[in-house]
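Before anything else, here is the set of structures, which you'll find just below.
The same subunit A turns up in both complexes below, where it pairs with subunit B and then with subunit C.
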Partner chain A sequence: MDEKRNELKKIIMNTKTLPTLPGVINKLNSLSDNDKSSVQEMARIVSSDQVLSARILRLANSPSYGFYRVSTISNAMILLGVNVVKSLALSSSIFEIMEKDSVGLWEHSLGTGVAANLIATRLGLPEREEIATAGLLHDIGKVIISLKCSAAEDEVRRVIKEKHIYMREAEQEVIDTDHAEVGAWLAKSWFLPDKLSEPINCHHNVEASENHRIKTAVVHMADVLIKASGFGDSGDDYVPRIQQAAWDALKLNDQIVAELVEEMEDKLVEVKNFSLELQQGANAAPN
Partner chain B sequence: MQKIPLIRATAGMVLARDVFRTESANGIPICGKDTELTESLIARLENLDIQSVYVAGHPLREEGDRTLDDLLRELDGRFQKVRQDPLTAGLHTIYTDYLKRSMGESGGRKTE
Partner chain C sequence: MLPPIRISLVSSDAQLISQLQLRLQSRGYQASAMSYADGVLGACYSDPPDLLIIDLFADGGAGTAIIAALRSDSFFSTIPIIGLVSPADHESFPWDTCALDDVVFLPVDFSEFFCRIALSLSRIKRIFDNNPLTRLPGNTSIQRAIEDAMGKPLAVCHVDINHFKPYNDVFGFSHGDEVLRMLSRIMFNAVRDAGGGFCGHIGGDDFAFITSQTQVEAVCRTIIDHFDRIVLDLFDEATKKQGYYNGTNRKGEMEKIPLLSITIAVVSMDSDKIRHVAKVAEVAADLKRRIKETGGSRYMVDQRSN
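Moving on to the complex of A and B:
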């Protein structure tokens, strides 16, 4: 019964050489876990990857952050925070390997990260960076499924088209698991902290979140808002139901949500711009 | 008025708001409103890393001229599974209002 599921889990846990986890992120991880290492040391590592450096600087200088002219990696890292840089290292390398038609998923992820940041800011929550990063990574399981079992992914897409169901329902049908669980396996095998892996695992089931319910609730709401907006492409076109547990945990009301929608739509214009530029850059790159 | 990514701006569009060096309105203004964009002006804004501008009217239409009616129909499509749920139906209402407001005040065309 759970054969496919176990098989998939084994594949994921055993993949030591995922292209989405480049050497850079390993080094960053070990340095940031060490209290004695300086931002400069980390910046030197980031600087060894030109593509990553360019993207970090671009992000630090983008109006969404509102900083004024950041030209060094170390300043960018101080301003963005080490965690954002780490997540960018993850997401930019994912972008490298993603096919043209996966740009939609990348946009959905980036949009959810932005929306999660807006919600966290509006509600005055602590650890905004982590929340934004969790939003950015919440659908990482989809990337892995598409990389590791492209046949299953094709089948999932076919089932969605045929039955008009949510992607995770189709995934359950085809591979006995879903992208949230797969993402959580991956987060675990990458030693990502609970505050990231729990929102990834529970963004479709906020009630199951025990230790990081608030963060999970934000990521869930961000996902819902981005899907309501129709921004990017997460695999299916259906807005998920807002979960009561998330609504209660964040003490939301219609007034707050209306303000968030307005603010988010404004920001999404810039996210779209960022995405278009990256795609142009990718097309223009000599290799 | 419409906010558009600079990458989509074309010559002939007219600025509806001042463009600032940084996103906040207390940055240095670099270009006044009512200015008509030209190719060289757009290139200069790009060099200054401006991400988006506000232009008069509603010149940019995503994916082939979607009217307010189209947008609302797509919205209904996205919400088709959750219209019975009170919380999510509330979000649908919020989004409907948002679309009407943003398309309305910017001279969005009605379906012909």
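Moving on to the complex of A and C:
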């Protein structure tokens, strides 16, 4: 069974780029050059997209630049420069297949990033932007699996339907690994810093997180809350419990969680509007 | 064994490209092929090749646009570029404005093709005034740029990093180098976004940039703001909170070392006082002495010239 795993790992080591949603690309394309407001808008659009964010962080952390730990989009934009970021974004290939599924996953990722930011803010944690970025990227493994092993992905979806289990469990059954591990492989092979790769790797197993447990706990909790809210589509409809390790690491209590849920619901209305705006942009533009 | 030399091929002629690719690979080069539709610029940015070969025959201007974009960013401008040009175009081709390193006429004569590739790669090693660490132009270019700026409404700015040496000692050279690379990118992007100018690396933690006098203070503020933000990524939470780390000072005594910051000295070039390049450095050094090390990043404009 190790064969499948190794094969997948090899594919990931050779993955240099991933496609982005057309709405995101069109929106970036419509920004005018050399305008201060559009620079900020660009940062906002880029940091709404898990794939684009991952690509830009990959570039900022690539050995050819010689920076070792760029973990936020705003710092990547400072270092790479607006021109480089824009060209890179516009040269992304576009998701054509499974448009509908990709939008669901994109919304889930964006929602988790937003929720992670809210949680970090509410708890007064340092490095909020890093935590939000880790939340945004946490399911990047699913993008790779659906893209590089579409047959396996169909099988995973079939198993979920048949056995009523979590996506992660179905993945283990079909490809002998799961999206968390796959995502972490990608993060490592793209030289993303540990404060991003560890939450990606451990967002379903907070206890396994050694160096960045707080960040991992926030991402885990954000993922659970977003699934519970029904926002986006993460691949299965089952909501796990918030793990005890996360509860402990963040010193949570029922009241904090209740307040966070309320705050999050308000914020998700905004996020939904942004998502619809991008999707309309995608449909309006001729291809 | 050294990693293979990586060459990117750009052409919309699929047949030509596969032929070239095959030939290059047979010579041990790692050749990747791109058509104009593939987002060549993004590919170069995300994975800079060692050499770019670009077909400029009937490309509709796309090739020259790519060349111009690469040349305008010091980080990529040193990539050698060989253009494939039709002999029929040799009169009309914009040799002056299209910054090619070399040319090969179509149809490709392969023995010539390989010689030109080898020469382009060896030339880059020789004529490299650019600092190998930051890829910014070095002192020869800086001198020339300051000479050109004299008497014009431009400002020459000297940038240096405060408490850089102890940082290097405590965290190691590779992290020190990272800081230098970061500052060079921040400076370059800020100058470019303000409409352009010149950036150079004097050496060590000393840099220089030139921009218009009307923009210079905004550029200084951007550089300081961005540097101060990036610096936060370099220290752990505990260090950031207390605002210092422990290290040895110049006298070898243990001391609390503040976080990294920068000082920028701004010298206006249309002043009567500045008649010689050396004078610029003198005025800048004098300014820096007057910017007391109060902690934190600062810039100061030479007031006496106004």
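Everything that follows uses one rule, which is that the second predicted complex is superposed on the first by the 204 of 287 C-alpha atoms of A that agree within 3 Å, B and C clash if a C-alpha of one lies under 4 Å from a C-alpha of the other, contacts with A are read in each partner's own complex, and residues count from 1 in each chain.
In this section, contacts are C-beta pairs under 8 Å (C-beta built on N, C-alpha and C of every residue); 3 or more make two chains touch, one makes a residue touch a chain.
Source: prediction; values computed, not measured.
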Query raised in the report: Given the touch rule stated above, what does A:Pro240 touch, subunit B (first), subunit C (second), both, or neither?
Result: first
Report task. Would you check which partner chain A:Asp254 touches, where first means subunit B only, second means subunit C only, and both and neither mean what they say? Result -> first
Requested in this report: Considering only the touch criterion stated at the top, classify A:Val82 as touching first (subunit B), second (subunit C), both, or neither.
Outcome: second
Query raised in the report: Can A:Arg157 be said to touch subunit B (first), subunit C (second), both, or neither?
Result: neither
Query raised in the report: So, A:Asn273: does it touch subunit B (first), subunit C (second), both, or neither?
Result: first
Query raised in the report: Of the partners subunit B and subunit C, which touch A:Glu262 in the superposed model: first, second, both, neither?
Result: first
Query raised in the report: Which of the two partners, first being subunit B and second being subunit C, lies in contact with A:Ala228: first, second, both, or neither?
Result: first
Query raised in the report: In the superposed arrangement, does A:Arg44 touch subunit B (first), subunit C (second), both or neither?
Result: neither
Query - Residues on subunit A lying within both footprints (that of subunit B and that of subunit C) - result: 62, 64, 66, 68
**Report entry** Residues on subunit B engaged by subunit A in the complex (per definition of touch)
**Finding:** 3-8, 22-24, 49, 51-52, 74-75, 77-82, 85, 87-88, 90-92, 94-95, 97-98, 102
Requested in this report: Could you pull out which subunit A residues touch subunit B in their complex?
Outcome: 61-64, 66, 68, 166, 224-225, 227-230, 237-242, 244, 247, 254, 257-258, 261-262, 265-266, 269-270, 272-274, 276-277, 280
Query raised in the report: Within the complex, which stretch of subunit A touches subunit C?
Result: 16-17, 34, 39, 55, 58-59, 62, 64-72, 74-75, 78-84, 87-93, 126-127
**Report entry** Residues of subunit C defined as touching subunit A within the complex
**Finding:** 38-43, 45-48, 69, 73, 75, 133, 174-175, 177-178, 181-182, 185-186, 188-189, 192-193, 226, 229-230, 233-234, 237, 240
